[in-house]
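Each of the two complexes below includes chain A, the first together with chain B, the second together with chain C.
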Partner chain A sequence: MKVRFWGVRGSIPVPGPSTNRYGGNTSCVEVRPRGAWPIIIDAGTGIRRLGKALMDERFGDGSGTAHILISHTHWDHIQGMPFFSPLYRAGNKLHVFARQRGDTHLQAVFASQTEDPYFPVPLSALEASIEFHELVEGNRFAIDKTLVTCTRLNHPWIAMAYRLDCDGAAVVYCSDTAPFSDILLEHEFISKPPTGEPLPKAIADKLAAMRASLVALCKGADLLIYDTQFTIDEYKLRPHWGHSTPEDAIAIAREAGVKTLCLYHHAPMRSDEAQDAILMAARWSAKSHGDGFNVIAAHEGLELVLGDDDGLAPVVAP
Partner chain B sequence: MRLAPLALALSACGFGLADDSSGGRDDLPLSGAGPFKKLAFDGDTPLEEPWLSTDPVFELSEPALMPRAGGGLTAYVTREGAAEPAGDTTIWRLEQAALDQLPDAAVEVLVADRPWEEGHVGAPAIVAEGDTLVMFYAGGTGIGRADSTDGGRTWTKWPAPILTDATSPGLAYDGATWLLAFVDGSGGIGLARSTDGHAFERAAAPIVVPRADDPKAFDHAAVAAPALGWIEEGTGRGHWALWYAGLKKLPVGTDAPLYAIGYAASWDGASWSLLAGNRPVTAAPASDPAVLLQGNHGVMAFAAVNGRRRAIGLAVTP
Partner chain C sequence: MKIRFWGVRGSIPAPGPDTNRYGGNTSCVSVTTATGHLIILDMGTGLMHLGNHLLASEFGKGRGAATILLSHAHWDHIQGLGFFAPVFIPGNKFELRGHGRSSSMLEGILEGQMNPNFSPLYTLKNLGAAFDVHAIVPGEPFTAGGVRVTAQPNPHGTTTALAFRLDEGAASFVYASDVGYGPDGPTPAVRALYRGADALLHDTTYTPADQARRQSRGFSSYEQAADAAIAAGARRLIAFHYDQDYTDADVDALTAACRAYLDAHGGRAIELIPAAEGLELAL
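Take a look at the complex of A and B:
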């Protein structure tokens, strides 16, 4: 399979000279199993360019199929959806997957995104056919020949991590999440960091179970894409925002025995030069602990070939 | 890198200060260790000290220095374009007749035109091999080579990278041995050795790594951007010198990483010693060192932010 990054930024798009190299678009990753339709993870602003690229394939004549896995519906993970060109071509088929909410159906969430006065084209007017699939943590399902597994993360209103197994390789997408140590983030707005008091046992146990599930999801993955929006000092100020540090990601990667850890969901204020420094520090942190996995940082345009894909597989699905 | 050729005689070979608990050796050859002091602003000169080259639109970084025929210096710098595709880089050349004079207009000398370069060429490191100038440069995820027989005005690339999975080259040549420093997935500064300038053997372990166990060290968090030199002394022997960017603390929020320049040296190119006293040779903010030693004097070019863009500054030994 091929994995290509179209958006790597968290929170808000930040185009400009200081983010040229890593890119300013928000979260979007394309996974392309060999000879199969694309599986897209998250629909941040990066999906706009992906959509343009797909229109040069069979999506351009209205005979394409794409599956979109949404980690959660916070703005930076869905903002590009209304600008995804294949939606506007009749005949294309889109399948959107995301975690089931208790109060609103997934389709209503996306419909509200394009309601007046926020956008001129309502969801009902889109030309492509769109099916929405709600998930609960622990679901396992197949998309063509790809097996998808998911588990929940520690983020306000909950995000999902996905594992995709295909072509003899596995990639895990883990964004957004706080570490599983200081605070449990679920269905409420938390405005301040925790006081530092020990967590009640029930909450600590729940966090430990969530972490164990995530480690299991990541077990032996060829590529782990992980939310590393914060440095340690930044995390100390905002643990309730629901994001991790490279050190947290390294710890998960170590326990899960992954082959490559990819730093992802870069902070919007992070310059390329600062991101370089964070990458170098993370590499040494892993190396100095004897970890054997590679540490890389996602940037727009980065394409990785995993498993038995020789990199020459046709990008147009049959 | 970015250092220059150095068959330049130096009269002195000093030794470092007493060792301290943070690392560093007291038998370190100090030729090349500066300290380098940034040029102080002088309103009576055309140069806007300490800036050798600065641009309101383009990011300038990763300089290399060579002696200029007739005096002064020739600098090669990485220029990052502001236009699409975002983040592409090229290498530019400029000449400065004297340290207090403005350089001539920069001229583009190397562009990314090979697939493996992925749109990026930068971080030039140049040495002289007889009448030929040899440039190693970073491109994509590897290090390439280009040669010039007209004093650096035009360059002919070698077809394939010299080293893969490495970037930010530093290069030195003593007439028999080539040393190539680089950064790679280890998070430290790696080294490779060659006798012909194209077949390099990588050392098993990095030669400089962050002093992670010393929070006060100027290179506690990360190291990057190596520059190498061969310093031949008046006594007939010589030593290898390494300058590198060290980061004490990862940036928080919108802060830019505050690198300072450190120094290490080696008699044999295999065993390296850090400068004792846990002190940089050029104070922060300064990164991407390049050093030109002429007689008893040393000139260092470095990259730092001037206003909103990175620019190339100069520092000198007393």
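Take a look at the complex of A and C:
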């Protein structure tokens, strides 16, 4: 399979010279199993250019199928959706997957994104057919020959991590999440960092179970894409924002025995030079612990070939 | 009035090396009045960078006050609000005036953006700063920091967007983003709003060919902007709200074509200024 990064930024798109190398678009990753339709993870602004590229394939004549896995519906993970060109071509089929909400159907959440007065084209006016699929933690399902599994993360309003197994390889997408130590993020608004008091046992146990499920999801993965928006000092100020540091990602990667850890969901104000320094520090940290995995940082346009894909097979779907 | 551009792009932020010169952030323009009052026009992603800049001023200490004028509530005009650092500092005060059938409906639109499905802020109430939201009545002037502000609606696809005129003494600045005129061009009220402006900032999203293909989106070509500036007798025309797919070279070409069009249609005296992030103008 091929994995290609179209948007690597967290929170808000950041155009400008200081983000030219890593890229300023928000979250979007394309997974292309060999000879199959694309599986897209998250629909930040990066999905706009992916959509244009797909229009050069069968999506251009309205005979394309894409599956979109949404980690959660915060703006930076869905704001590119209305600019995804295949939606405006009749005949294309889109399947959108995200975690089930207690109060609102997934389709209603996406419908309200583009309703008047926020956007001129409502969901009901799109030419392509879109089907929404609600997920719960632990769901396992197949998309063509790819097996998808998922588990929940520690983020306000709750996000999902996804594992995709295909072509003899596995990739895990884990964005957005706080570490599983200081705070449990669910549906309540938490305005301030916690006081540092020890967590009640029930909450500590729940976080430990959540972390264990994530480590199990990541077991032996070829590639782990992980939210590393914060430095350790930034995390101390904002643990309640629901993002991790490279150190948290390294610990998960080590326990799960992954082959490559990819830093992802870079902070909006992080310059290319600052991101280089974070990558170097993370590599040094993993090396000094004797870790055998590679550490890389996602940038727009990065393409990785995993498993029994010779990299030469056509990526055009059947 | 001192004008500064923080976001000049239309529809969706467009990061990448090929938008570095004009900038890829969505609509946001600041105006500092002679009395030092800050007026912010639209809240696209450029607003985040304005906010970071303001932290060095009274806004960093919770003693800032500003007026925000909102042309309409499409995402690219409100998506910066949750990232505008001064709104998280208690003590800062914002008077937001915008397009809406009532003040409570306008506030509800901004609330919808903060809904926990979409944002970790959950509600406007979690912003530390005070917000006072007012729906604007077109044609009824009000003052902000000694500047007289008048607004009139322009058609914009399936909705309308307010154009604003700011008068301070003899100086006048018009902000007309997101404009899709009908076949008769601007309404008489809008023509009056533009008349004699020192600077007319006008939607120039498209080349005429792209505009003709995408008429329903409710944006202008540079020719329509130039026509409006010539008819108004404006001294300057500011090109604004570039299509997300236009590279810096495309905007250079659009500007050159607009210059030629002005020269050929009686607008030789009009100074053409392509808006770019970081550009400052004094009127």
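By definition in this document, the second predicted complex is superposed on the first by the 318 of 318 C-alpha atoms of A that agree within 3 Å, B and C clash if a C-alpha of one lies under 4 Å from a C-alpha of the other, contacts with A are read in each partner's own complex, and residues count from 1 in each chain.
The working rule: a residue touches a chain if its C-beta (ideal position, glycine included) is under 8 Å from a C-beta of that chain, and two chains touch if they have at least 3 such contacts.
Keep in mind it's a predicted model, so treat the numbers as computed, not measured.
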I'd like to know which partner A:231 touches here: chain B for first, chain C for second, both or neither.
first
In the overlay, answer first, second, both or neither for which of chain B and chain C A:79 touches.
second
Residue contacts with chain A in the superposition, chain B compared against chain C
C
Which of chain B and chain C A:276 touches, first, second, both or neither:
first
Using the superposition on chain A described above, determine whether A:294 touches chain B (first), chain C (second), both, or neither.
first
Applying the document's definition of touch, where does A:194 land relative to chain B and chain C: first, second, both, or neither?
neither
Which of chain B and chain C A:241 touches, first, second, both or neither:
second
Would you sort A:168 into first (chain B), second (chain C), both or neither based on which partner it touches?
neither
Looking at the overlay, does A:17 come into contact with chain B only (first), chain C only (second), both, or neither?
both
Chain B and chain C footprints on chain A meet at residues 15, 17, 20, 23, 269, 300
Spell out the part of chain A that touches chain C in their complex, as residue ranges.
9, 11-17, 19-20, 23-25, 45, 48, 73-75, 78-80, 82-83, 101, 104, 109, 112-113, 116-120, 156-157, 187, 189, 191, 241-242, 268-269, 300
Note which residues of chain B are touching chain A in the complex, please.
59, 80, 82, 86-87, 183, 185-188, 209-210, 212, 221-224, 247, 249-257, 259, 287, 308-310
For a test of understanding, state which residues of chain C touch chain A in their complex under the given definition.
9, 11-17, 19-20, 23-25, 45, 48, 52, 72-75, 78-80, 82-83, 99, 109, 112-113, 115-123, 126, 157-159, 217-218, 244, 277
So in the complex, the part of chain A that touches chain B is made up of which residues?
15, 17, 20-21, 23, 231-234, 269-274, 276-278, 280-288, 294-296, 300
